[in-house]
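Handing you this structure, nothing more for now.
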Amino acid sequence: MSTTQHHDPDRETPAQEVAPPGPPGRTAGRAPLLVAAVGVVAGVMVLLAGLPASASLFGTPLADLTLPTALLLVLAGVWVAGWTSSARPPWRVVDIVTASVLGVACGLLFVVWNLSWATLSNGLAFFPPLSAVAAGVWLLPAVLGGLVVRRPGAAVYTELVAATLSALIGNQWGFATVWYGLLEGLGAEIVFAVLLYRRWGLPSALLAGAGAGVVVGLLDAFVYYPEFPPTYKLVYVGLALLSGVVVAGVGGWALTRALGRAGALAPLASARDARRV
Amino acid sequence: MSALELGVRDDVDPGAVLARANPVAKLAVATVIALGLLLSVDPVTAGVALALELACLPLTGVPLRGAWRRSWILLLAAVPTGVLTAFFGVDDGAVLLGLGPVDVSAGSASAGLGITLRVLAIGLPGVLLVLSTDPTDLADALAQVLRLPHRFVLGALAATRLLGVMAGEWEQLTLARRARGLGDDGLLGRVGTFGGQAFALLVLALRRGGVLATTMESRGFGAGGERTWARPSRMSWLDVFVVMCGAALTTTATAVGIAVGTWELVIVGSA
Amino acid sequence: MTSPPRIRARGWGWRHGGRLAWAVRGVDLDVQPGERVLLLGPSGAGKSTLLAGIAGLLDGSENGTGEDEGELTLDGALARDARARAVRRGRGEAATGLLLQDPSAQTVLSRCGDDVAFGLENHAVPADQIWDRVRQALDDVGLRVALDRSTTHLSGGQRQRLALAGVLALRPGVLLLDEPTAMLDPPGAAQVRDVVADVLASSGATCLVVEHRVEAWVDLVDRVVVLEPGGGVVADGCTGAVLDRHSEALAAQGVWAPGRQSRTPRRAALPADGLLTARSLAVTRDTSRPPVLSEVDLEVGTGRCTALVGPNGGGKSTLLLALAGLSRPAAGEVLADRALASGASPNPHRWRPRELVTRIGSVFQDPRHQFVTSTVRAELTLGPRRAGVPETDTTRRVDGLLERLRLAALAEANPFTLSGGEQRRLSVATALATAPRVLALDEPTFGQDARTWAELVDMLADLLEDGAGLVVASHDEPFVAALADDVHRVGDGRAPRRVPA
């Protein structure tokens, strides 16, 4: 890893002195490739060998988790490679404050949504997994933060701030919201990292929404509904993914474009793609 | 709007043990309890934990009424989740209530109760933590004790202060929609109005965020060099004691669950 | 205090990321230590950008927020470097201090003491010295509050002085004030100005101030610099000379010039028919609290302008919301005349939104709160369309409004990207698009330049002649004097007192 730049998001030097090292990707040595290769190989091996059927995780036979585990390994490998080899511009004050303010605004929306959801989910109780369709709203800050601020970690940070605020104001899930926020944000962040923090269009937004959706689906299935039959859990995760793609993905992308047109992104990296006004 | 102000409520006794504890210690307690309870779904462990938490209420300095006013909302998630589990969970044991495709069995009922108690027992410490912690103190502790990057911690803290401004703005936006003739359509129209209003809120928030960033930067924020702290945040013996109490609470609850025989590790088991 | 630096700009310009136009360009300027300069110019001339540049907050590098050209230096060092060096020196002395317009966005932390200490912490002042300097700074701005007092409930004026304390605690050599009183009520504005006068007298710091209300600052400065959009500095010299020589141009650009009164008061109103009547009305901001005003009796009639005046926080806006049918009275009632109600309930707050828009139009203090579409044209079309006006009429009406309010060239622009004056005109136009018989306006002249101000007065006077009823909450005395037939003083929780117009 010696050829890659160590990254510290809170580096205490002015921006000029940590200017990104040349065109993106130039500093990538062989180490990131190696990491990616290890991840891919490990993933393929898990897929071929299969996990033991005799053990279970949260009531799910491990064998059922073979594909997700393999995917996770591949993604993690590619993510590490992407993270280390991408040119990661440092966070400026305006980036930090913007992401924070976005997080707080979304936290406020959560407060409204949390209570609406309580009524909505009761209406869907005839088939409980349906309540997952509402999950996308909680994933919006992750996609929005990533697309607007365009800095490594923006998705996690924005989602974390929104979730923390929702917990601080008080909601029906209490403190667990903070961990949820962190993990949901990571689900979206991995996607942006795998794309080397260079793609910020609709496909990236959809994938990031999907990433966050899978995470929230799995978390809910294991933390809140561990005693549901596996088919329910599967439907739940699938609907959460769909909701993540549609609400957080499409929604986040459309919101970012609209914010650009309203001139609200002027000092940010995302303004470069917004129509010049 | 007053409900949206963060920080210690006036009715919290500032001399109470948990009110004096470092926010990081309180955070650790809430985390230890949550992780301990996630290991098993059984009514006994979660119930004992919940009972012990309620017994610790005087230590937080939060009066009973205040605690209830701020924590009843946990029931909104806990009860439906438990009921759904009782109906739709994997059935096991004697059927208590048969409703065609969905049954409530002894197994699923106990699981439902376990889930409800667990959600409550995990959520309650978080609520109590919030009630006795000022966001500024929390940020100081996160940056100084946990050494999280201070630019991010302070950025989030400063943005949090805009919450009241945004809440007021949301009210204005709602009134302005009515003044423009919006808001009397069906459900879809309302969703659309809500979306538009959320968008306006974001635009205004981003603009204000830009001003806030300029203000912070003009006062030397993020310019590099060392930073000093006018409010030092440190861990004391009291904090060690508080964390130990949290660990003891989790251990006791688990031990009772094991002794009664309901405790079962759900992370890895045989299929 | 750091000794004030020499400020020097040569061919300096700045363009924000994502913008085609330069915010400011071709600026040549020298400011000597201790000089006090008033920066004037129409909106869009780049005055704020110049202040931000001197404060060292604009970064034109690869990872920056825009693009710069030319040079801008403090004692020979690039403004950005001068700022960073002062922060790192660790003495808690900033090169410059910047105070902005919006009080609500300049409070960083939630306790007064912490907010002032914030800059000192960033400048690495040892913790044991911080609190003395915080107390000193709060004293200097005359804000006598406990250090742990919450910043949430400060008034706009107090908040602005708190922000000034945060700036002064860092003992800046240059004070940069960007419309510091534009969003304050008259008493708040006077206090901020007086504090600045005291500080400058005792510290000898350099000062650059941007402000539309020239009268308040003219005695404080010794030099006036006029900027023009894209043109850099077009006039520069001692105060009296510049204001005399350029008074016509400045007035045309919307800069207040001393001694110029824009309009003669309109003629007395004809006997009026009633439109809205408040009877024993009580209003509240928060239903869980006692009413902020009660026992209000007043009337809005055809062709008459009813003005609500009084200090901020006195309940003017809350009363206006109730009169405009936007909020429910806490007690008593608001009654619409039968002709105005035309078939709907007599209580405006019971009207459905689409009934409301054709009867009472509202103009909010912040025009951005009322924008609901993505183009100026759509914004104007929305109301008539919802009220069921036929499409051809709507188009005619909208085109007429676009012409009349000088918005035709902006028909396809996004409302949020307009300038403050354009947004104000648009918000009035949206309210007029549905031809309501009553118009309720909350601080319509707030933060507006002289040109928009005069246009508003003319347009509202025309409406009155056409028989519309106006109700206005405002602390702009010239505005009230120019339009109001009935003036009600609101405040202190008592019923409004009727005062002579």
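Should a chain be cited, it is by its letter among A, B and C, assigned in written order, with residues numbered from 1 in that chain.
Heads up, the rule we're going with is that a contact is a pair of C-beta atoms (placed from the backbone, for glycine too) under 8 Å apart; a residue touches a chain by one contact, two chains touch by 3 or more.
Note that the structure is predicted; figures quoted are calculated from it, not measured.
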More C-beta contacts across A-C or across B-C? B-C
In terms of mean CA position, the chain most removed from subunit A is C
Nearest whole angstrom, what separates the Cα centre of subunit A from the Cα centre of subunit B? 21
Whole-Å separation of chain centres (CA-atom averages), subunit B against subunit C: 38
Which subunit B residues sit where two or more other chains touch them? 135, 158, 160, 162, 203, 208, 212, 214, 216-217, 221-226
Give me the residue numbers in subunit C that touch at least two other chains, ranges are fine. 84, 416
Residues in subunit A with touches to at least two other chains are numbered 14, 92, 94, 258, 262, 264-267
Using the touch definition from the top, list the residues of subunit B that touch subunit A in their complex. 3-4, 6, 30, 34, 38, 41, 70, 73-78, 80-81, 84-85, 88-90, 108, 111-112, 115, 119, 122-127, 129-130, 135, 149-152, 155-156, 158-160, 162-163, 166-167, 170, 194, 198-199, 201-203, 205-210, 212-214, 216-217, 221-226, 266-271
State the interface residues of subunit C toward subunit A in the complex, per the touch definition above. 16-20, 59, 61-66, 84, 374, 414, 416-417
Touching subunit C in the complex, subunit B uses residues 1-2, 5, 7, 134-136, 157-158, 160-162, 164-165, 169, 172-173, 175-184, 193, 196, 200, 203-204, 208, 211-212, 214-232
Where on subunit A does subunit B make contact in their complex? 9-10, 12-14, 53-59, 61-62, 91-94, 96-105, 107-109, 111-112, 118, 121-122, 125, 128, 157, 161, 164-165, 167-176, 178-179, 223-229, 232, 255, 258-259, 262, 264-267
Quick check on the complex: what are the subunit C residues that touch subunit B? 52, 55, 57, 83-84, 86-88, 90, 94, 96-98, 100, 102, 104-111, 114, 117-127, 130-131, 134, 150-152, 163, 166-167, 170, 286, 288, 321, 324, 326-327, 352-354, 356-357, 361-362, 364, 366, 368-372, 382-383, 386-387, 416, 430-431, 434
